[in-house]
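Multiple structures are listed underneath, in structure tokens.
Presented sequentially are two complexes of chain A, the first with chain B as partner and the second with chain C.
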Partner chain A sequence: MKPGPTLVLDELELDALTELVNLGISQSAISLAEMVRDEVTLSVPNVALVSRDEAIRTLGEREAKNLVAVHQVFEGDITGRALLIFPEARSLELVRAVIGGSLSIEEIIELEQEALAETGNIILNGCLATMANQLHRSLKISLPEILHGEGKEFFNLAPPPDPGDVVMFIYINFAVRNSDIQGYIAMLLDMPSIAALKALLVEYISRVAGESPA
Partner chain B sequence: MPYKILIVDDSKLARMAVTKALNVLHPDWVRLEAASADEALAAVKKEHPDIALVDFNMPGGNGLDLAAAFRESNPRMPVAVVSANRQREIVSRARTIGAAFLNKPLTEEDLDAFLKAAVQSLTKARS
Partner chain C sequence: MVDKQMQPLQSVLDALDAGLIVLDRGRRIVQWNAWMASASGHAAADVLGEPLDKVFPGVVAGRLNAAVASALDSGVSSLLTHALHPLLFPLKTRSGRRLLHDVTVFSVDTGTHPTCLVHISDVTMEVRRERYLRDRQNARYDAILASAPDVILTLDGEGVIRFANRAAVVHFGYSEQELIGSPAAMLFEPESHWADAWRRVLAEGKPQQPVELVAHRKDRSLSYFSLSASRWQDASHVFVTAILRDINERRAADAALRASEEQARGAAAALADLNLTLEQRVQERSAQLLKVEEALRQSHKMEAIGQLTGGIAHDFNNLLQGISGALNMVQKRVREGRIGEVDRFVKGALSSAERASALTHRLLAFSRRQPVDPRPIDMNQLIGTMEELLRRSIGEKIRMRVDEGLDLWLVRCDANQMENALLNLAINARDAMPDGGTLTIATSNERFDALQASIRDLEAGEYVRITISDSGVGMPPEVQARAFDPFYTTKPIGKGTGLGLSMIYGFVGQSHGSVRIESHVGKGAMIEICLPRFHGNLEPAERNDIGSVASHAGSNEVVLVVEDEDIVRLLVVEVLRDLGYRALEASDGPAGLRILQSPQRIDLLVTDIGLPELNGRQLADAARAKRPDLKVLFMTGYAESAASGDFLDKGMHIVSKPFTMENLAAKIREMIEFVQPR
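The block that comes next holds the complex of A and B.
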């Protein structure tokens, strides 16, 4: 029987991945705090590896249909797509929190795309770059692109994904200037990339904790 | 003299990384581990560690609050908050409660410097 995505990594490898995501998110929080000149809390309560269908189902069950995503493609030893996803209804609130000040609704709408792209770029880059550095690899990361739609559209972008694709699904809490916004980071990886990630995690564990590869 | 050190982190890997560094720096010290704030509070009550290292970002508990609780119950206990999130506000809150702030990933050099200062402060308190 083919193992499910949660079985692809063992407990310690998933722990290491969560730790790497936390390091990355912390770096993103520092960069965002510098940008907004205020304290930013970014926390990751949970990291899970799920199938693409499960990611679509989870988003469909938990969130309204209208979502907004900042999308970036990354390439290297691990290749895939990273998406920062928020309910569209919270997107203006996020922009208002990031920009700050007393802007009119027209001004916020005007700045929405740019502010979302910049915020997403900082969060996703902080996460991806820190993970790549810790794993002693480099990643080429594309410019951010804003998408509007449903989860199934975000996870079926061209070129068509493989049926065996795995989604690293990261729940994030984002708080700045009295706004508290929940969202998701999803990293869509194909099977060769998951295998490469697993090998890099084994090396990483051995390096930082002296655990011999199993 | 050997001390008792409590390592609080929800990540097993992070605890293993600290253990690896301690094995080099102070192999004779007694290590206690806790994966949550509740476990850490229970360990403090039962085992009375001399020094504590506390992860900042843990599910169900903020490391700063836990460090503050440790300092309140034992003001002489050297405590370090460990985090990759070195925002000024967080570093400054750690200092306000009398805790050190150490960057994550924790390097052997930073841990060594904190432990040297901790030993000095404990020795002074006992003399």
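The block that comes next holds the complex of A and C.
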């Protein structure tokens, strides 16, 4: 029997992961703020490791059917998919918030896909790159791709996922220019990647602890 | 810098339809393909080894700088789109137009030197195609909106018009520029109606039931619309599409319909008013009429009394005659000591007094105002009590016959009115028989079937039928037809009110009965009154039985006494016997005439003038046909008739009632003993 997702990381390791995610998201916010030339707040109220099914169920329960996702693949010591997920109805608002200015609705619709892809790219890159740096590992991160659909489609992308896959489920709040949008970052990791992540987190914890006066 | 091994690869890179820049860790350009040279206008030879920032000053900052840094440091791929970074690099197409492009930044691991690949892709065509498609689509969409007959507005969440179709411009009279950016509320009146509809649309979102709104055009004229609106939403904004359908025609039709309904209602109300007014008027008129009728009834009664007065005076004179005559006889017999014979005259006097009092009673009852008071009535009994009065009313020339039906049912009506009716009818009958005749009052029980009832305008059932028939001149049909009309009379002015029959008609109707006339000219008339049978008991009433007085005959000279009033006849006969004459008596003209036409010796005819059928004068004339020298003494209660000088022929004398027995005796003796000169 494979250990359940919650048992994969101990409490300390999960705390460490949450810290890394927060660092990454902060970097994303800085990058985004630089681009939009306005204040951007990205916060992470919760990080959870859940099974794929649970992630699908959570999305199904919490969100409307029509979702939009910015999808990127990362490779290295840890391999997996990263998805920035929003309700589709909120995507235009996100784009408008990022673009700002006084574009007409038609113009915004025209730019929506690209702008969304780039915004997702900034957020995911900031998060993944920061984490990789903190863990002293390098990741090769692909370009973004926009997906439309339901949660179960996002978590069943080819090649066929393994039942033991774990989803690092990160709730994020995204606030820019009076828009406040809730979304998710989901990192789909296979078992070897989780094991590698665990090892890297242990390393990270000892390093951080060693640096501390205690 | 480019070695020979790299040569084929360089050719490939130059053949790419995309820009390709490779930067080293120092951000210097190590690769620059032909596409880049063409689009930027900088040849590879001019830029290789130079920092990218120098070739494109200011570009490698912010996002691009970060992307390059993260690619070099962390192997992260970044996308910089034309959407968020329009015209990041100053690039031109081969035709010299601005080149729209997306930029991707990758890390390229060359082993020893981490480098960064900046890939630039031309999206000009793609964007143009999208715009073209959008415009095409918009054109189609715009054509639909523009050709729509309904006003179509797109409003933002604040209710401000963001789109208005051509119909809106046409309907409201504002230009498109005036409409767009203005609050939709300015179009509607009152604004609160719009505000209500707007709130509902915003709150409920779903398509609403159409709401009727009044809009005003730019020229302030009003127009009616039916509004259907639905809310929709893009990522951040709420919009409302409002479709306004012109319903002016429908409103006009509705208004016309309402107006005609209103008119109909108005007419109905006016009619109701009119009815009310009419009812009031009818009530007022009815009240007036009742008053007048009451007054007329009273005056009619008085007139009837007036008509009766003569007859009644005659009756009273007769009765007084009976009384004083009887008392004279009593006095005489007492003087003579023939006390045994007194009783008869006392009885006669009493009887006359009683009858006088009954007559007075009836007269008073008749003249008294009496309210309508329906009571169970035995018609036979009522007619019986009326008989005296009726006889007096019709006079002596008319014989009255009463045919009482056996076991007559009761009816329920006002006795006073009934008596009035009978009296009126009797007087009418009398007037229809100026030369005398017979008045017959008959009663009977009748069971009317539907047909019999319907000709009388009654329900089938049990009725008491009262008929008053005369043998008079009869009525022509046109008189019959109007006989019951108020104020219709055939009598000379001053002789009648014409109300008699109409009052009877009213009274009979009130009593749920019927009255009708059967008459033919020359064959008399019959008035039939039918009253419904009353199932109940009679309230006890008094009936005055008037005792009859026996008559006597005399001796010696023969005197014929014709007098319908028994007591008067009795007294006259008694006087004659006392005078030593033989008395013959007859109670009416025909009976008297039979005796006169017989060989019987008759020295004197003493006759009342007012006799039924054949009056005293007619009797005398008829008698003198056989006995030209017949002496005649008329007795009369009608002083005025007797005063007429032409009335008396030779051998005729007259005495007026009341007379004393002595006067009568003197007159008789004088006439018998007088020998007429030949």
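We take it that the second predicted complex is superposed on the first by the 208 of 214 C-alpha atoms of A that agree within 3 Å, B and C clash if a C-alpha of one lies under 4 Å from a C-alpha of the other, contacts with A are read in each partner's own complex, and residues count from 1 in each chain.
FYI, a residue touches a chain if its C-beta (ideal position, glycine included) is under 8 Å from a C-beta of that chain, and two chains touch if they have at least 3 such contacts.
Keep in mind the model is a prediction, meaning the values are calculated, not measured.
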Side-by-side fit of chain B and chain C on chain A, or clash: fit
Touched partner set for A:R96, first chain B, second chain C, both or neither: second
Touched partner set for A:I205, first chain B, second chain C, both or neither: first
Touched partner set for A:S138, first chain B, second chain C, both or neither: second
Partner chain(s) touched by A:V40 [first = chain B, second = chain C, both, neither]: first
Partner with the higher number of touched chain A residues, chain C or chain B: C
Partner chain in contact with A:A29 - chain B first, chain C second, else both or neither: first
Chain B versus chain C as contact partner of A:A129, first or second or both or neither: second
Where chain B and chain C come nearest after superposition, their Cα distance in Å: 13
In the complex, chain A residues that touch chain C: 31, 34-35, 72, 76, 89-99, 105-106, 110-112, 114-115, 117-119, 121-122, 125, 128-129, 132-133, 138-144, 179
Contact footprint of chain B on chain A as seen in their complex: 11-12, 15-16, 18-19, 22-23, 26-27, 29-30, 33, 39-40, 42-46, 130, 134, 205, 208-211
Sites on chain B touched by chain A in the complex: 11-14, 16-17, 19-20, 57, 59, 83-87, 89-90, 104-105
In the complex, chain C residues that touch chain A: 62-63, 66, 70, 73-84, 102, 104, 106-107, 127, 130-131, 134, 138, 233-237
